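Presented below are the structures under discussion, each in the form of structure tokens.
In the two complexes that follow, subunit A is the common piece, with subunit B as its partner first and subunit C second.
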Partner chain A sequence: MTTASVAASTQQDQRLQLLRVLGPGHVWALGVGIVLVGEYMGWNFSVGKGGMIAGLVACWLAGLLYTCVAMIDSEVTSTVAAAGGQYAQAKHIVGPLMAFNVGLFLVMAYTMLEAANAITVGFLLDAVAGMQGHSGLDQQPFIILTVMFLAWLNYRGVLATLTFNFVITAIAFVAIIVLFLSVQLGASAVQLDFSAITSEPLPYGWLGIIAALHFGLWYYLGIEGTCQAAEEVRSPARSLPYGTMAGIITLLMAATMTWYVCSGLIPWEYLGQAGTPLFDAARVTGNSGLMVLLFIGTIFSTLASANGCINDASRAWFSMGRDRYLPTWFGAVHPHHRTPYRSIVFLVPIALIFALGAPLDQVITFSILSGLLGYTFMTFNMIMFRRKWPLGSIKRGYVHPFHPLPAILLLVLCSATYFAVFLGYGTQLIAMMCFYIIASLWFHFWRYRFVRRGDQFTMPWPRPQAY
Partner chain B sequence: MAYQPPKQGLVGQIVDVFVLLMLTVGALYIPLYLGLAGAAKTPAPIDNPTWEALGQNATEQQQWAALGITDPAAASDIITARFDYSFSWMALIVMTILVVGYFVLVVRLSDREYRDVIEERFGGRR
Partner chain C sequence: MDFWNFLEYAAWALSVGFGAYLLIDLARIDSTYDNDLLTSSREGEIELTQERHQI
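== the complex of A and B ==
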């Protein structure tokens, strides 16, 4: 390593120290903030794919999958405390091509989630306009406005916006609890009805439970984003595991409450294709206060999530530009706002193409697939991490228990989810795999020549074993 | 001697961006545009549908009404629509090969690149 690069690395370390201001609560808020929208829309397609019971089993199985993700991610990220989360992990543990792919997973998962959020905003406004006697609202201007406004906020700088995000996320979370308690206390004009559990328990048989796992992921998709804050937490060893696991527990509770209220208030056939299930549940109660609260909750959760998605996707795209995995033009920072403005602007039309031209369930599937590929990567990444740097060879912020059980369990659940996506959405799966294969070949045989080799490893670790 | 990458010109950068954009939109959007994307549910409509014939009890009928659907005929397609989960084993094998093959490809090619990185960062093999 040259003197210059050592100095640069030291300088970078000092800068990172200054940024360490976040605690476990912030990590919790970051994770739950981007994910909570999953309770407000999308998860219910799991009920459509397998029925009510399958929807609940998928919710808990996906919770188990994400618990494994959180355990693995907490160990690796609390050790690889570098910007970019899983992208930085891949650079240090597997190699540049894997990092390029992980960067694409992050960008695609978050950009598609952003598109899904924008679609939901348009759908909800259309539904409310219809309830007020103005049916046939053109949703497209609202979708465009949502994406453009949030991109503009991100372009201008997001510190205040992310703080505001935490507040509106908390309101959205409280809205779910209020709906649950209100229904329990008899505020609904229509009773909870779970008769479909006995009359039609598994409309697709046991296959439906596996099929439902596809959209079960939507309850939690993005919780791994907590690890993006690795550089900014005061104590990664404590904050990341606590914050992430607390986030998972919060989402498990919210997901179960959401399933309970929606499945009890909405016929499962309607629920399986609804655009805004929690708002629909509030409509069924006939309580206008709850309807307003859940309308606000839906809007807030979608805006908070879309905002976080633009933030995360543009940072991943920016990081790849900075590392020369993409044209360096994307690696520019705005001279005044200090944001990756070119990446933010570049991703806007991609989000709009999907938000304006694709159905919600298909956009969600694209997002889930990219997330799923990322979780599959985590399984062998964890194994390689322990092999290249065994326990004791480097200082780890956190060591997750029962290794390699979480990695094996995660791989099994990921395999089941690939099959679940294949059931009904096989074309998208194959198209997406073709995309990643072609993009990988393009990177390895063309783009990699522009990458500075030594710059891809910045952690102060010893040489990996067997290399 | 550290590897010195070539400098990429503006045109080259634009071409690279265009290639990635086309790949993204093409691979993800064209299946939708051509109607190849699956997931369509198929309704199995019944003649003169009633709530009872559609298997909806009194509470569920209230729920449908609260959702703005009071005519069972309007709910018939939603209630009777089902996914078709029959699949071809050949398609499943192709999908499995694609997913596994993709990860094997990426890990193997990454490993080659990773050795360059390690060699430059830590020096030649001891």
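== the complex of A and C ==
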């Protein structure tokens, strides 16, 4: 499309909007793509915290937590179909200060996760170089290239970005299934051994299960990112619930298979400290084909996660700019690619600062904490949504069952996870809370004066009940 | 210089290339188009065209 034709078409439309080109498969690729890296690494520290049973309990409790997240998100997002996802939900349902905080939670969680993924790519390539006899690989260029390439891809268009994510996420997911089936069919040189379940059921007692919850989140952390695509899917009311629910089902299967294979092949004391548990499990089988496949799966899942994170963080930042919660400069859409290009470029150096200057565990912890704050918001957001706009008052693409049980369950599990995080990373938890309090004060006393208050509520809904 | 050293240089070069593309294109777009047009996106227009919220 030439500059002249773009100008002509935009004069007709008067406005540049994000392109509505995505389907349910892309929504699935966005949600699962961000998360699946958690199956390839990170979750296994839950086994180190509490043993094999604690790892499995954490896997399923966190699965329950995220099933609640997926159901709640599906209902609200199928109604509030706007870029920014939970940020737009908070703006319409709770209020501006909550929305500002939720927007920050999203941007921090995804940018930190992107940085962690870039660090991981560097670490993996260093490990491969070490296996081939090259010691002292400089990881920096690979970390920077990961961020730059994926930012470029996101800049160029959402359809290519999420189609790419779909392909690499599907390969990474199939790799887990192939490993599971191969081990079941006897392709492994080492037999599955679950004797530690009876010999050392809970080596650190019941507290180990609580401590394990922190890392159990890794199996599913980020599935709520599907909401960020709300403004770019062809049919939000259908695609978002479908893609999100398919995503959480995929992850529940992947998480259980991952725990089963890794716990059966690797002694729990080693598994609890492994850097790449699925790849290590493939190495234990002695099958070189599985090793190659799981290494590819590890790299692909890492790239898919970073790719989805750039997509989501930029949409949240863009939405806040568009509503003047941040400078309006960030609310720009590229006239050719129809992407939030300024937000994408702006977040690149921030991701690089964390990727190159902060330790991996700190970056991951800040990401988890921001995500956890977002899940806590979802609980009372859902309660308020149903109270203000009861069933039948507005059109919903999906209605989740058993309300308010999922919201209450989510709040209980979030509380338990806060305690678990406090046990291991209390200082970071307090530092993060202080950061959000200071940011809230800045927004309340300074930034909100620039917001056009009437413009920010865009959904053509009836007046809420009791107002 | 072995294969991995070559890859390091290639990664640096590609990173610079992608970064330069992003910055140059951003500057080109910003100088070509009016900022009011670039920031003209509004939330909720999907709702206005697709959803009527009539039960």
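Please note the rule applied: the second predicted complex is superposed on the first by the 418 of 467 C-alpha atoms of A that agree within 3 Å, B and C clash if a C-alpha of one lies under 4 Å from a C-alpha of the other, contacts with A are read in each partner's own complex, and residues count from 1 in each chain.
Operating definition for what follows: a residue touches a chain if its C-beta (ideal position, glycine included) is under 8 Å from a C-beta of that chain, and two chains touch if they have at least 3 such contacts.
Fair warning: this is a prediction, and the values are worked out from it, not measured in the lab.
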- Item | subunit B versus subunit C as contact partner of A:Ser440, first or second or both or neither | first
- First (subunit B), second (subunit C), both or neither: which does A:Pro203 touch? first
- Task: Considering only the touch criterion stated at the top, classify A:Phe422 as touching first (subunit B), second (subunit C), both, or neither.
- Result: first
- Message: Which chain, subunit B or subunit C, ends up touching more residues of subunit A in the combined arrangement?
- Response: B
- Task: Classify the contacts of A:Trp329 with the two partner chains as first (subunit B alone), second (subunit C alone), both, or neither.
- Result: both
- Task: Examine A:Phe142 and indicate which partner it touches, taking first as subunit B and second as subunit C; both and neither are also allowed.
- Result: second
- Please indicate which partner A:Thr376 is in contact with in the superposed arrangement: first for subunit B, second for subunit C, both, or neither. first
- Task: Mind working out whether A:Ala189 is in touch with subunit B, subunit C, both or neither, as first, second, both or neither?
- Result: first
- Check whether A:Ala151 is in contact with subunit B, with subunit C, with both or with neither, and answer first, second, both or neither. second
- subunit A positions touched by subunit B in one structure and by subunit C in the second: 328-329
- Complex contacts: residues of subunit A adjacent to subunit C: 3, 7, 10, 14-18, 20, 81-84, 88, 129, 132, 134, 137-138, 141-142, 144-145, 148-149, 151-152, 155, 231, 235-237, 319, 322-323, 328-329, 331-336, 341-342, 344-345, 348, 392-395, 458-462
- Residues on subunit A engaged by subunit B in the complex (per definition of touch): 1-2, 48-49, 94-99, 101, 108, 130-131, 189-191, 193, 195-196, 199-200, 203-204, 207-208, 211, 265-267, 269-270, 273, 280, 283-286, 324, 326-329, 346, 350, 353-354, 357-359, 361-362, 365-366, 376-377, 380, 418-419, 422-440, 442, 444, 447-454, 456-457, 463-464, 467
- Within their complex, subunit C touches subunit A through residues 2-4, 8-9, 11-12, 14-15, 18-19, 21-23, 25-26, 29, 32-33, 35, 37-48, 50-55
- Can you name the residues of subunit B that touch subunit A in the complex? 2-3, 5-6, 8, 12-14, 16-17, 19-21, 23-33, 36-39, 41, 55-57, 59-60, 62-64, 66-69, 75, 78-79, 81-83, 85, 87, 91-92, 94-95, 98-99, 101-103, 105-107, 109-122, 125
